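Dropping the structures in below, format is structure tokens.
What follows is a pair of complexes built around subunit A, which joins subunit B in one and subunit C in the other.
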Partner chain A sequence: MITVNSVYHDYGGKGNYAVSDISFSVESGKIFGFLGPSGAGKSTVQNIMTGLIPLQRGEVLYDGRSIKALKTKFFNQIGVSFEQPNVYAKLTGYENLKYFAALFSVPTHNPMELLDRVGLRDSAHKKALEYSKGMRQRLTLARALINKPKYLFLDEPTSGLDPSTAASVRELIREQRDGGAAVFLTTHSMALADSLCDTVAFLDNGKIAAMDSPEVLKRHYGKRLVTVVYNEAGNERSESFDMNDRALAEFLLSVNPIKIHSQEATLEEIFLCVTGRELKS
Partner chain B sequence: MKSIIMTIVRELKLIFRDGITIYLTISPAVLALIFIFVFGSVQESNISLTVDKSLPQDLVTKLESVADIEYVDNLERLKERVSGVDSIAGVTMEDGNIRLIVEGNEAQGFAESRQKLVSAALDTELIPYTAETVEAQASLAYTISMACIFLLALFIGGSSFGLSGVSERESGVIRAVSVSPMTLGGYVISKIIPSLLLGMIGVSACTLIMGRVDALPQFLLLALCSVFVSGMIIFLIVAFAGNQIAAVGVLKIVMPLFLMVGISAVFIPERWIFLYYVFPMYWQYAVIDTVISNGEATFQFLMILVTGFAWFIPVMIVFTKKVKMKAWR
Partner chain C sequence: MSGILALGIQDFKRLLTNALFWVITVTLVLIITLINFAVPENISEESYGIFTYHTDYYADQTTAVNSEEELRQAVKEHGTIGLLGNDDGSITILNPGLSEKTVRATMTMLYSSSDTYVEVESINENNAAIPFNKRMTPVFICFEALVIGFILGGALLLSEKEEGTIRAMRIAPVGVDKYLISKTVLFSIIAVLYALLVAFFCVGFSFSVHRFILLSFFGAAVFSLIGFAFTTFFRDMSSWFFSMALLLSINMLPVVAYSEPSFSPFWLRVIPSYSLIFAYENILFGMGRSMLPTVFTVAGWGIGAYLISRFVVGRYLLSKGRR
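Our next item is the complex of A and B:
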């Protein structure tokens, strides 16, 4: 389990905090979505959690042990996929994975099998500079998985992917969760977060504006209304009712319903509601 | 250890997949070839002897069967020829005795081999040889040119891996390495070792091309002792260049600095030379100068290590501040 308690970070040292009072936890076997627009502080938090930025204030614990006390071997347990597909462009996809596999002192995946999983087997022996952005993105994801990480950090893992590849990447992420990994997912894609995350946190101006499971957030911020679309003399009409209104049942029996919708809020709408601004990349 | 070896292999792969780096790597050897043309027959494939008119013709004929013979008018001219930049021995006749003259700073093996050759050719007992001079006679132009080529070979070893580091920084892949178990020490070692290898290959090629096989061990030792200088070059480039264009700019400053600091000492009055003692590049030049003259350079080798290390530490501090790749390890 990853625990983040009251983390603050000030790049300039002048009291202007890029992130402040950030607290949450990511349990093993769960996906935690960190949502927010560019500049909200998502990457800062991820960089602190992965040790790329020193922890200034607060604490980050991995299974109860402070990040400050962890040794080099700890990095055998984490996998990080960056938003920018940062790979060795002059090495082939296979060489990239083989090299990174050699950096770890734990059993690793077979590079070719992993390339197969992300749909890059046919391009395994092509140099990464010949890859499209989406292919590099998949290679970056495969690299993050090479050491069978216990803690997985994913930054916009489906960015630039076609729908079919994005679906297979989502499936791969679910597999990591089902395998017991604690997954920290940074994204501004509400659809991705909605489909994958067990818990989401909205980050705005360096602070967590709301945090809970998507279902709870939707219930909390959504309207408790049901809209019935029905046919009346050849015309489509609609009527809305409170979910607990007895009149709803009577109405359904009296008309010829075509569709019934619950008026559930989307995560995007919830973000707009709690932060007062739209979520843009 | 496995990660360091794999990183070295990866570094070498990247280096040799880069056309510019290949060109850079072979450039000292190309310069050495040009050097040969400029300085003429510094490298002799055949054994050469010089003789003066005191030597009877029948003996000269015998010597012609084993060596290329150069003729000079008198003993004075013969001594001048022997003390030239190339390795040549002189044979003369004094008081009815044959005498072999070699330059005092030639290797011991050179004198003995010429002594045996001439004695065998003339069918006599081993003739005595005289070492005429102990001063290096290599011209300043020769020494500076040679130093430039060797320093360039060493510099390119470091700069190639500096450019590779800049590429890692520019693409962000250095961040992926940072979140692996690779330590900062491992990263530094895996950059320096291949740069040493490249430097040793470059120095060996130049030594062989210039016909100084006898000095090869010392030039290899020079490359080894320049370990911290290579480290300085690599991490200065990576620290101050965030992309390849900036790297070219940094190279434009760093390269002349590294090549000229040592060599410029030649033009400085003796009383100010102590100012150069803090620079490893000065000691590198001093080693090259001493090795060319077949002198003993143990102290200079040590000074390259000591001063190189003293400069390497602050460079690494700057590097770790500029490139925050290891926050807490």
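Our next item is the complex of A and C:
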């Protein structure tokens, strides 16, 4: 489990905190989504958690051990996929994975199998500089998975991917969760968070504005309305009712219903409700 | 160990795709060609006459001129020595900027025993005159082959920064020792191969190869390690390149001492290439300087460079944010 307790970070050292009082935990076998617009501090938190940025204040614990006390060997258990694909451009996709696989002292995936999983088998022997942005993104994801990480950090893993590839990447992430990894997902994509995350936290201006499972958040912030679309003299009309309103049942009996929708709030609407601002990239 | 090997092999693959690597390789071939075919074996055909005015000194190579002004002009034009007789009977030696030691040695030779036959003897172990072109070999080895790690190591490190792969290295279980050793060993091996090529093609095979390899390996390691520490502070090639060129220029200053051995102030001797260049002269031509100071110097620089590089690269390049 990853535990983050009261983490603060001030880049300039002048008391202007990029993130403040950040606390949450990511359990093994769960996906934790960190949602927020660009500049909210998502990457800062991820970088502190992975050790790319020094921990200034607060605690980051991996199974109870502070990140400050962890040795180099610990990084055998971490996998990180960065938002900006950062691969060796002059090496092939296969060489990139082979290179990193050799750095770990734990069993690793077969690079070619992993390339196959992210849809890069046919381009395995092409130099990474010939890859499109989406292909490099997938290569970065494959690299993050090469060491079968116990703690997986993914920063916008489906950004720039076509729907079909994005679906296969989502499936790959679910597999990691099902395999027992603690997955920390940073994104501004509602659809991705909604479809993958067990828990989501909304980050706004460096602070967590709300945190819970998507279902609970939807129930809590969503409208308990049902909209009935019905046919009246050849025209489609609609009417909304409170879910507990007895009039709903009577209405359904009195009209010719075509469709019935529950009016759940989307995560985007909840974010807007909680923070007063829209969640844009 | 396998991690070090893997890093080294992949770095070598990246090196093969680096234009700078091929530029240096082609330069090496050019240097070998220049030494063997362009630079003359000796420059003794050039005149080295001594000009005199108002003295009774005479020898085969002396030419008396008619005025002090003419004497000064001749010294300037021919880059040689002029003897100016003063009214009080003393002599002033005019020279085009030779070192004090050289001038005094010339003066002593001229006036101590003028009747003595003077012979020139080469004092190297082979007791043979070193051709002028071959004599430049240590210079080219020092400033072409040995600094390969400084230049190419820096270029690879900067490309890791520019591509962002250094961030992936930071969150990989790669310690600073593994990172430094893999790159240093790779560049030292390449430097040894390049240095051997220059030596074999320019001087031949009559020298101690194992001493040559040891010197080249550890000498190149010193430059590589200094290069890694130095490059860590730069973000991109353009800002690094000129600073790198400046530092390499300073490193080349010992060439002055090599061509004018009497000039060897302390600050020049502490530059790492100073010891190396004379050590190569010793190994390749059997010149009489002891290798022991070089061993201590290279060992000192090696340990110092490793510690500095370990600190700088560990703290500023591969820091895992746990401090």
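Everything that follows uses one rule, which is that the second predicted complex is superposed on the first by the 281 of 281 C-alpha atoms of A that agree within 3 Å, B and C clash if a C-alpha of one lies under 4 Å from a C-alpha of the other, contacts with A are read in each partner's own complex, and residues count from 1 in each chain.
Note that contacts are C-beta pairs under 8 Å (C-beta built on N, C-alpha and C of every residue); 3 or more make two chains touch, one makes a residue touch a chain.
If you're wondering where the values come from, they're calculated on a predicted model, not measured in any experiment.
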Partners on subunit A (subunit B, subunit C) - clash or fit: clash
First (subunit B), second (subunit C), both or neither: which does A:Ala247 touch? neither
According to the stated criteria, A:Arg143 is in contact with first (subunit B), second (subunit C), both, or neither; which is it? both
For subunit B, sort through 57-65, 93-101 or 291-299 and name the stretch that clashes with subunit C after the overlay. 291-299
On subunit A, the footprints of subunit B and subunit C overlap at residues 50-55, 67-68, 72-73, 75-76, 78, 80, 82, 84, 86-91, 95, 99-100, 102-105, 143
Mind pulling up the subunit B residues that touch subunit A in the complex? 2-3, 6-7, 10, 13-14, 17-18, 168, 171-173, 175-183, 324-329
Any idea which subunit A residues touch subunit B in the complex? 50-55, 67-68, 71-73, 75-76, 78, 80, 82, 84, 86-91, 95, 99-100, 102-105, 140, 143
Taking the touch rule as given, give the residues of subunit C at its contact with subunit A in the complex, in rising order. 2-3, 5-7, 10, 13-14, 17-18, 163-165, 167-175, 319-323
Given the complex, residues on subunit A that touch subunit C span 47-48, 50-55, 67-70, 72-76, 78, 80, 82, 84, 86-91, 95, 98-100, 102-105, 143
